[in-house]
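Look for chain A in each of the two complexes below; its partner is chain B in the first and chain C in the second.
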Partner chain A sequence: MNYKRWFTDYAPMILIWLGLVLLFGILSDNFVTSRTLATLASQVPPLAIIACGMTLVLIIAGIDLSVGSTLALASAMLGVALVDWEFPLILAIVVAVITGGLTGLFNGAISVYLRIPSFIVTLGTLEIARGLAYLATDSQTKYLGVALEPMARPLPGLGVPISFLIAVVVIIIGQFILTRTTYGRYLIAIGTNESAVRLAGVPTARKKISVFAITGLLTGLAAVFFTSRLGSADPNAGVGMELSAIAAVVIGGTSLMGGRGSIINSFIGVLIIATLGAGLAQIGASEPSKRVVTGLVIVLAVTIDALRGGFFQKLKMRFKTGTL
Partner chain B sequence: MKKHFKLLLQTTTCTALSLLLIACGQSKSDKTSTETAEKPVIALIMKSLANEFFKTMGEGAEMHHAENPDQYDLIVNGIKNESDVSAQVDMVEQMMSRGVDAIVIAPADSKALIPILKRASDAGVLVINIDNKLDSDILKELNLNLPFVGPNNRDGARMVGEVVAQQLQANDEVAIIEGITTTFNAIQRRLGFEDAMQAGGVKVVSKQSGYWEMEPANNVASAMLNEHENLKALLCANDSMALGAVAAVRAAGLEEKVLVAGFDNISAVRPLILNGQMIATADQHGDQLAAFGIQAALDILSGGEQPKDQQTVVDLITQETLNQ
Partner chain C sequence: MSEPLPSVLTVNRLNKAYNVPVLKDFDFDLRKGEVHALIGSNGAGKSTFAKILTGLTPRNSGEILFQGTPFKPSNKQEASAAGINMVLQELNVIPTLTVGENLFLHTLPHHKGIIARKELHQLSKQALTRLGLNELNPDQLADTLGVGQQQLVEIAGALAQNSSILILDEPTAALTGPEIERLFENIQRLREEGVAMIYISHRMDEIFRIADRVTVLRDGHRINTHDTDGVSMDTLVHEMAGDELAERHPHLEIQHRGPGLTVKNLTAKPAVNDVSFSVQKGEILGIAGLIGAGRTETLRAIFGADPKQSGTVFIGDETTPLSISSPTDAVKAGIGLIPEDRKQDGLLLNKSVSLNTTLSTLERFSKSGLIDHRKEFDATVATTDKLELKYDSVEQSVDELSGGNQQKVVMGRWLLCDSPVLLFDEPTRGIDVAAKETIYNALDQLAREGKTLVVVSSDLLELMSISHRILVMSAGKIAGEFTPDDWSQEAITAAAFSEYISTHERAQ
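And now, the complex of A and B:
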């Protein structure tokens, strides 16, 4: 284990998060309590799981703007399967996850085979999936009652719900695949120089499609946890969630240009965003100040990350070589 | 070969899409040619059609039209996101260029829509304001008379608040989850809640926006419950947010201690009111609201009525009224 590497990779992000926790601990009466931490643990799983997929998409130099709508569609299908079709819970969950997976597959197949930038394809899917979510629910919020509640309830003795544990497992597996498998290394290579990888004889198309499909599947899973926490399937769910996910991933230092990223850091990015939201609400910050502070923290975190990545050295070098 | 196939695929997709668009356009223009003859054309412009409240409103309008098909023609429009003011402005413009006789509008913002509605009114289009009242100071300043047909949100919220206050004692603590704070309805409902709390000597310890949506409201409600341990009630400016608040209360295990109230009486909250997880909501008869507006427009267009404000009824919904 390379401790120095570990330190430079994760420590800055963790310090920013701890700094926020400390700050809100001072500013509010009851922030650093088991209750607040338990609330955070139940809030972060959906975004954390989506951020995991988003990291992979950004690494291959793509983007997925449809995750918020896909979440709503999967959540709607979960509600329809449970209430209208009276499916057993486990089958309804499968329906939701597959719905997400198919949406992702659609994104990947269209953008890769027709060579349309994923930005545009997923922008279209953002609308399509939202429309389908309204159709599936007849534009009404579906109250699901307590059917899903066990998943949102804290596990005895641990204080965190099962969704949190699953999110952590997803993150760990994701990071492992990204850094320790050939598949993961290929994704990074595709993001760095796709044509070189293709000329080396690697079928990049299938790999790229699989990344979008995985993101879709993960979004479907996120929808299950999202819905279980609220006990209702809301066709308006997850509006703007793609931006939260991208913000979290970028805070975690993943490059929008592809080829660089860390799922663990994306997870810490999610923690930072969730902590910020909970903390600002808990100190009762006014609406405008919430927006300004959230934006500032995103910029600050990305700046720190840029400095860490030897941003200034690169700048100096470019200045010297006259490429600036 | 592969390239040709792709080109073919692209061309066919494009052609199919354009044909579809042409088909859609044609069916619409067919309608126009028959309707411009003598019947007045009334455009109903609502907020988010995805929100059940506006959906029932639209259905009510269509029912009103089905009962009086020979009196007028109806165009129903909505924006996809409740806060998307500019989309609504565009829609008013489209309706003006379509040459409608009257616009019945639920403005997404009580100020931002005024300039375009003034232009419509100056162009001779009758503008009836429903649901969310336009800012009366600005209207007065511009010397505009746009009749408002709708409920008194402040009275409705006060009624809901009074039911909550009856269950509480002086100096008990409650929190308010507001809608989007720039809208008139959000402000009126907050004021109504505050009126009732003040009358009962109950303290409002936190007021924050849940953006009219379930998940943001859930996050804010969780933060409020964590910060204010003695909270006795969460007053929510609409039912979607109340659903989010109920989930937060349940997650915190505070079902016995914290009351949740909402507004709008959407179908998803009925089971919650019946089983006591929510104490009250208000029904503004949204289904009839647009119909009232349309009727008012017809009365004015036919010359029988002077343009003036009309107040519609708001009913209190509790376990008792639902059981009747």
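And now, the complex of A and C:
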């Protein structure tokens, strides 16, 4: 990866984010403070980790609408394991992550082997997992006490919790897998033209299923951090989170048509959404107007991306061929 | 026909090129109330002519006079309003709408936007009766009809537009014997009403039965126009085939090195019917035939891309048949396919040259799952240089390359794979002459290295210049086998048409 490439790939997104931070810093006296940033750092890990999986799903031209409910189910299982089964913490975390992984595996296997669009399968799972979360918790919020609290507490000296560090590590590993491994290469290829990949002799079924399974595992991990922040397992957790995740990924320039995407940019997309939310709250914007602005930013981001593919590409071609 | 009827359509020096010229100074005239057949081998320009007439594609130059005035439709609606309609080979019936709605899709009778059901029913009934389709209820859903009936509904739809010219492109492809009879009765009736018809078909017996005149197209040129009464089948085949001699490519001494690929009793319904052949190592086997004869489907079935009902495939001296149920199996066994539609099935268009080239061999340029970009780069450069591929960098996306260079990228993929058996489907379609030459050289080189090559092409001269042997497919069967000693364009063309000669046999 050369510097030029790094610059063109990530710099625009980072600049937009820094611009937002700067804007709110000017509009509000106490936005750029360690307290606001610490709050952001403890808020973003669940969404960032889910967005990592969602990026992979969109890259293979699929979609996963079930992540919000899966998060609730994994959170519920974490609570059940800790409180009802009295599992040690580490084992309970494993239970949550595996719960997410199995849900993802279900999504992938049904959609690939039965050739059902992932939109439909995961729409079903959205309901199934939510229902299971209620059943597992008896529709009650399970209070978990202090067991998970350390994960949400800022680390001394760093100002960010361990969950944030883990999220960053997940993002970096994800981006590395996407750009440097054969697996990542195949995912991009499948999303670009699955028929050509198949005719090149590359098997696609298991790779596609694994993407959904990985997204499930990551959602399970996200559930652990989400739960640790609240200190309780709530079956209502994560409602609408699938849409936030898709929004962040799309703001990051990943194509809904598949074949193109960047996990790091998805992460910056998460930061942009979170900053926007926190910043608008600080300057006293009402909840409805926050939603209007966030929605506009999503549309704007996608429009710019569409122009980048169409208009700017044409401009580049005309420049190249000397007809400009 | 004593007195020639007046012309409704006169075409002068019509030219059309996509990447290569398709119609060259094409002249044509159509008289009121005649059935004028248009015949020619694949790519002769028949469909392009029909598309220009119906406004689906613009011409480059030339004049079309329709009822004496210049005619230049810019879309299908305009042509249709003027009275020129076409029935396409593929079905365009919308299965979820009723027969009546399909018939009058663009001109649905309505009152303030609400469909006038009664009026539609009556109009539809009239249109159907005109075609003798009295048994059809205009209110039944189109998908309750058989394929043949759907085709007839489509024809009824075209007729309901008050056409003065009707173009029929392979209208009997989906019809059975009795349905064909009914279609012919209707063509007869229309002729009496003064409708002029252009009838495009491979099926010579049909042409002799219903056409008044027949025009032969070859390579975009009008070769001749005959009264059907006064011409023989041999003459037509001869004119379609031409007497141009294929220029032999150099290095064509056959270097047999034992069996390469053997295919036994391959059947993949409905396109491939009990096909058997074998190819030697170092041999280039050409497969000729008309479009729809099952050539592409044969390659795809061998490669595991489509399911097959029966048939075995052997490589080399092996006596146990390969078990191929997916392209992955085929590639593992040593078979590569260069598909017909390289944009749809071959390339990842907005991805780089190197990604496309190493797609099948990526594992070779990686260690425990990590791609070695240096190795990948070197291999890409080595392979593409061998094929004289022109590009700015291996990072360039392939959609910026010309058709010829794109094809070389797909070929490069299989060169890297080192597959002993390579199946080429129309490897030079839409490619300029210079790039064709390097592809021929590459084929030659591969054969001399002892690879087994099968090449499907619709360009007979090309096949005759590069192949050691040519098989001809016709209607899903092997209809002939030729060696350089006994082949001619005429003989191969005759074989390609042979299984289509009798409609009645086919209907049984």
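Methods note: the second predicted complex is superposed on the first by the 302 of 324 C-alpha atoms of A that agree within 3 Å, B and C clash if a C-alpha of one lies under 4 Å from a C-alpha of the other, contacts with A are read in each partner's own complex, and residues count from 1 in each chain.
The rule is short, and it goes like this: contacts are C-beta pairs under 8 Å (C-beta built on N, C-alpha and C of every residue); 3 or more make two chains touch, one makes a residue touch a chain.
For clarity, every value in this text was computed on a predicted model and none was experimentally measured.
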Clash or fit (per the criteria above) of chain B with chain C on chain A: fit
Chain B versus chain C as contact partner of A:Ile162, first or second or both or neither: neither
Greater residue coverage of chain A in the superposed arrangement, chain B or chain C: B
Which of chain B and chain C A:Tyr143 touches, first, second, both or neither: first
First (chain B), second (chain C), both or neither touched by A:Arg185: second
Computed vertex angle (chain A) for partners chain B and chain C, CA, steps of 10°: 120
Contacts of A:Leu102 with chain B and chain C, given as first, second, both or neither: neither
Contacts of A:Ala278 with chain B and chain C, given as first, second, both or neither: first
Partner chain(s) touched by A:Leu199 [first = chain B, second = chain C, both, neither]: second
First, second, both or neither for A:Thr33, with chain B first and chain C second: first
Minimal inter-chain CA distance - chain C and chain B, angstrom: 10
Common interface residues of chain A - those touching chain B in one complex and chain C in the other: none
Chain A contact footprint on chain C (complex, rising order): 303, 305, 326-328, 330-332, 336-337, 339, 344-351, 355, 359-360, 362-363, 366, 369-371, 400, 413, 417
Touching residues (chain side chain A, partner chain C) in the complex: 180-183, 185-186, 188-189, 192-193, 195-203, 259-260, 317
Contacting residues of chain A [partner chain B, same complex]: 28-31, 33, 35-36, 39, 42-43, 113-115, 130, 134, 139-143, 145, 149, 152-153, 226, 229-232, 234-239, 277-279, 281-284, 287
Chain B residues touching chain A - in the complex, by the definition given at the top: 6, 9-10, 48-52, 55, 80-81, 181, 206-209, 213-215, 218-220, 222-227, 229, 240, 243-244, 246-247, 250-252, 266-269, 271-272
